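Each chain gets a letter, A, B, C and D, in the order it is written, and its residues are counted from 1.
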Amino acid sequence: MEQFFTQLTNGLAVGGIYALIALGYTMVYGILKLINFAHGDLFTIGAYLGLTLLASLALTDTVGAVAGLLVLAVMVMGLVGVIGILLDRAAYKPLRTSPRLSAVVSALGASIVFSNTIMLVYGPSPRVYPQGLLPTHVLDVFGLSIPVMRLVILTTSLVLMVGLYIFIQKTRTGTAIRAAAIDQDAARLMGINVDRVIMLVFFIGPALGGAAGLMVGLHYGQINFTMGWLYGLKAFTAAILGGIGNIPGAMVGGLLLGVIESMGAAYISNAWKDAIAFFVLILILIVRPTGLLGERVAEKI
Amino acid sequence: MTVAARKIKKPLYAVIAACWLAAPFFLGNYQLDVLNNIAIYALLGLSLNIILGYAGMFHMGHGAFFAVGAYTTAVINTTWGVPVLWLLPLSGVAAGLFALVVAKPIIHLRGDYLLIVTIGMVEIVRIALVNNVFGITGGSNGIFGIDAPSLFGRTISGIVAPGDYFYLVTAFLAFTITVFYLLEHSRFGRALQFLNQDPVAAEGSGIDTARYRLAAFGIGAFWAGMVGNLYASKITFISPESFSFWESVVMFMIVILGGAGSIPGVLLGAFLIIGLPELFQGLQQYRLLLFGIVLVAMMIFRPQGILPPAPRSYGVAEDDGENGGQNSAQDGASGGEVRP
Amino acid sequence: MSLLRIENAIRYFGGLMAVGDVSFTVPEGSVFGLIGPNGAGKTTVFNLITGNYRLDSGKIFFRNEDISRMATHRVVERGIARTFQNIRLFSGMTVLENVLAGRHCRMKAGPVAAMLRLPSQRIEERRAVARAMAELLFVGLAGHAGNLAKNLSYGNQRLLEIARALAADPRLIILDEPAGGMNDYETTALVELISKIRDRGITVMLIEHDMSLVMRACERIVVLEHGKKIAAGNPGEIQSDPAVIEAYLGGDDDEF
Amino acid sequence: MKKILLLLVAASLFWAGPVFSSDTIRIGLMCPLTGSWASEGQDMRRIVELLADEINEQGGILGKTVEVVVADDGGDPRTAATAAQRLVQRDVVGVIGTYGSSITEASQNIYAATGTLQIANGSTSVRLSEKGLPYFFRTCPRDDEQGRVAVETMLADGHDKIAILHDSTTYARGLADEARALIDASAAEVVFFDALTPGEQDYTTILTQIRGNNPDVVFFTGYYPEAGMLLRQKLEMGLDTPFIGGDANNNPDLVKIAGARAGAGFRFLSPPVPGDLPSPEAKAFLDAYNEAYGQAPGSIWAVLAGDGFRVLAKAIEETGSTDTDTIADYLKNGLSEFPGLTGTIDFDDKGDRIGDVYRVYEVDDEGRFVLQM
């Protein structure tokens, strides 16, 4: 039983990261119906930028650990967000009216460009975050030993997700995003600046991905130029699992995927872990063809 | 398409086909090996085109069928010594049956949901191969010592004599182009395009869309399985690394970049996606970066694909024999006249 | 003799009853009209007949065969072809190919026959093209055969849908607002086309808002309101039926 | 315009046929310059090019300049086969490389069929040299040798409940299987045998499981990035089972990833690194590498590529020939106790390196790799 709960928390921690990256996927998808395969690489860029800024600015020395990391996070999110906007301008915007899959290939091309650029700039070897910035003690919760950083990661992911959800649901801008996601033309007629909304989405999504990259770097320490592909694929899976285009769906999908992986690995086989996760995904989609929280839209005939 | 462009098309295809056929007389083994790879991926692209191009199903796991075919050949050839070319149809059947079984429950999924499920399928296949499922795939070691194909007592090694192999794979490519061209211009090919453009209207016109979706998977997989046979006997060694998810992505890019639903487009797509990284070999570690930039640029430059499908004529209103010519120029050898 | 018989058809959407206990029969060889204000459930009835929607209860018989649970493509095979209210053509394909889509269910050649180009397949293909051309000639679009469907005018797209439906050799053709978007001249031609279709022995069933067309073309009419049948009869009876007048005057429709 | 020019240059490189020239000796280097193993491949290129420059400064081999022809194998079998054809066509005397057994295997047939000498550097799978290919050599030891040393080490420490963790790659799986067979034949038992997914960040799930099985020692046969993560997360979880790693862990980045505290006490097997060899060649090489690139070489595998190059150069020099048979014969029968960068080098009839190559290293409290015996 103890093992079960430990594995559950293991799964939730990984799932929180998946969920955070999945949000970027799902937001972009919601507006443009575009699968942004370069999103995982934006996550990697976040991790590398975090490392560079951490090393060059020495923020944690001058303003203290917590404040330093917060400033760092804001800077990384801002920079990755801007890169997201530039990515959209360069690789996706010219393809708005083209067949959907053309933009997918453009995204794959962008992913190749990003990962190889990181390799050329930072070198092909893994890079390592400085250690000792974060607390490493272990909490004892009802007999379970849980490293405090796991909780911090999970909490941070949840706070960012809930923040985004409130932003989307409660603010005027959020309403504009939702309107544009439902029908761009109608939204335009209602006076919504759809181009600005798209720009905003291409800022927020990558920014969240960048935040996830920074968190992975800070917590796990090791980053490498190919990691975005794997995380991106997992996040895409999570977004689909929850119902793509649906923000709570991405959260649920991410956390659930993390738990499925962890449980599958623990109780069936580690070597088959990803196969098990995909198998469960396929089963879920057979029963619910639009994901867990995705709406089933009956087509008007 | 302008009249001038149409007029130039036929001789242009003829010139390309002639150059292709003459390649072994001018090129070294390395260049021929690259051309052989291009031909193999062109075949894979054409088989994926049935599913992704004509039927419009988002399928990014074609490598799974390729793998089933390659492993069928490898296992049977290395265990019982059955000549690899005999296994060509069997590899296709194995992959086709596999596709029918796995595609059946997922065929109703739309768009991106199908995309992730097919990705999941190819990953499950790869992981199963790595973990040596059934104990016959050699696990992560793969299978080595697969025979080269042999025809009329002559061994056609893709390693020692890429020129010989070149003509084998070219013959198969010509055959494939011909039959897929005929398929495209038939009741079956049209049905796939109808359900791609509007599934409701297709169903309302009396087309059993679910059956045709499944059939598209079956035929595409059957062909990919046969290409798996050719690949395994070319390289004589296969391991799960040859069937990673990225290989499926490569096939996907070939179809979309070239022009979904267009046979000449897919051929050009294979040439670019497989050829360009080799062309950039001199740039060493910068080569993939350049490749990525070129990929994005080409997509932006030609959003519909580089050679999107042209409308077909049926010899009724304004037939100029263009389609028949297109086919005969491409397949070079048979030159079959195609006219309804 | 009744070609189509609908018995107590019921269909809900969510909690809303779109079609509530509707029964009527369509006699063979007639032009049959289904009318009613917006949202009365007319198109839903069509979709129930063609199997696009499933009945919640009730039965539909076509030539005395129960087709209530039949898949759409099977219904087409049985001899019911249709057009769509919002035009649904294969817009990126040629006009001729669109008609060939309708011919699909009367052809046999499978993929293997096509790949091998068997003689039977070639003959079938040639006949299908000839037949498709004949249908295009019938609706007056023969000159457009090689054009892409999306380049046709709105009215011609409606005609193309009819040609596609006719190519399926239907016994019953269902036209969902065939005159939508047509000008007076085109509408007059359409009335003529409908009677020509009937003269070929094909029963016509249509939904139409253009009441003058309905009254000119139809021999029998059923009126729906809020998913219920409120009247049935010939044009004269319908025009004088108080329930119908009430329904149309009470609604915001003013076409009557 | 620039791009077009670049394309033209690239195109001319692609279509360049075999160029025969009498005053250069071409040696091929096949390595992963892109893809997941790019760090290994790029280091291989640095080392081999550095050694070639040195030789050329001293007048080349047999008075001829050495030219290193590099081909990127991308770390995948298909690209590797094409890269092999490319090198063969450039008329190289022999080929150094490559990293990864299945990548080597995909190219092996081509070199064998075209009579090209191949000296692999990071391909330890047993079967590569069991096929009886006459021109195949490797400077790295084999998995069975490594498995034997690993199991002996663990048994000598009195461990009898052993967990084995691999990563499903050809190499790691092969080593894990070798070790399992040896342990099964001994008094000890394997209490856990499974694979992690390489490239991930979070291995707590598998560590939790290992803890549940309560082994005396964990033998991890995968690569250093994952080993670093395992050690780090093991410390965080408070798991104190000792870990012992295979030779893919000999990379200074291991400690950077794990952190000195988590890394301390970790042991791994490896051929000796140049810094631990007293030979003047090793020292000279280290100095030269340091001077050229401002750091120590990363992976031992890249250094083994350097040894492959040096052995080949030596063979050409000694035999005065670029004939494959002559060189292969010399390597098998003529070469004796060649002072390599990783110890003395001799080859047996299969082309495998002879001798006790493996050493046990332990990471000390400051993160240094300390040779144990």
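Definition applied: contacts are C-beta pairs under 8 Å (C-beta built on N, C-alpha and C of every residue); 3 or more make two chains touch, one makes a residue touch a chain.
Keep in mind the model is a prediction, meaning the values are calculated, not measured.
Asks: Which chain maximises the distance between its CA centroid and that of chain A?
Replies: Following the centroid criterion, the farthest chain would be C.
Asks: Which one of the chains is closest to the middle, using the mean of its C-alpha atoms?
Replies: B
Asks: From the C-alpha centre of chain C to that of chain D, how far is it in Å?
Replies: Centre-to-centre distance between chain C and chain D: 72 Å.
Asks: Taking the mean of the CA coordinates per chain, how far is chain A from chain D in Å?
Replies: The answer is 35 Å.
Asks: Taking each chain's centre as its mean C-alpha position, how far apart are chain A and chain B in Å?
Replies: 33
Asks: Note the residues in chain A that touch 2 or more other chains, in rising order.
Replies: In chain A, the residues touching two or more other chains are 116, 119, 124, 269, 271, 274, 301.
Asks: In chain C, which residues are in touch with two or more of the other chains?
Replies: Residue numbers touching two or more other chains: 52, 84.
Asks: Which chain D residues sit where two or more other chains touch them?
Replies: In chain D, 34, 38, 42, 168, 195 touch at least two other chains.
Asks: Taking the touch rule as given, give the residues of chain B at its contact with chain A in the complex, in rising order.
Replies: Per the touch definition, chain B meets chain A at residues 52, 58, 105-106, 108-113, 115-117, 119-121, 123-124, 127-128, 130-131, 200, 245, 249, 252-253, 256-257, 260, 285-286, 288-289, 291-296, 299-300, 303-305.
Asks: Quick check on the complex: what are the chain D residues that touch chain A?
Replies: Residues 34-36, 38-39, 41-42, 168, 194-197, 199-202, 204-206, 208-209, 212, 225, 228-229, 232, 236-238, 253, 256-257, 259, 298.
Asks: Under the definition above, what is the set of chain C residues touching chain B in their complex?
Replies: Residue list for chain C touching chain B: 50, 52, 71-73, 76-77, 81-82, 84, 88-94, 96-97, 100-102, 104-105, 107, 109-111, 113-117, 121-122, 124-126, 128-129, 133, 143, 145-146, 148, 164-165, 168.
Asks: Show me the residue ranges of chain B that touch chain C in the complex, using the header's touch definition.
Replies: Of all residues in chain B, those touching chain C are 179-180, 182-183, 185-191, 193-194, 197-198, 200-209, 215, 219, 311-318, 336, 338, 340.
Asks: Which residues, counting only chain D, touch chain B once they are in their complex?
Replies: Residues in contact with chain B: 6-7, 9-11, 13-15, 17-18, 33-34, 38, 42, 45, 70-72, 76-79, 81-82, 85-86, 88-90, 101-103, 105-106, 108-110, 113-114, 125, 127, 131, 168-170, 173-174, 195.
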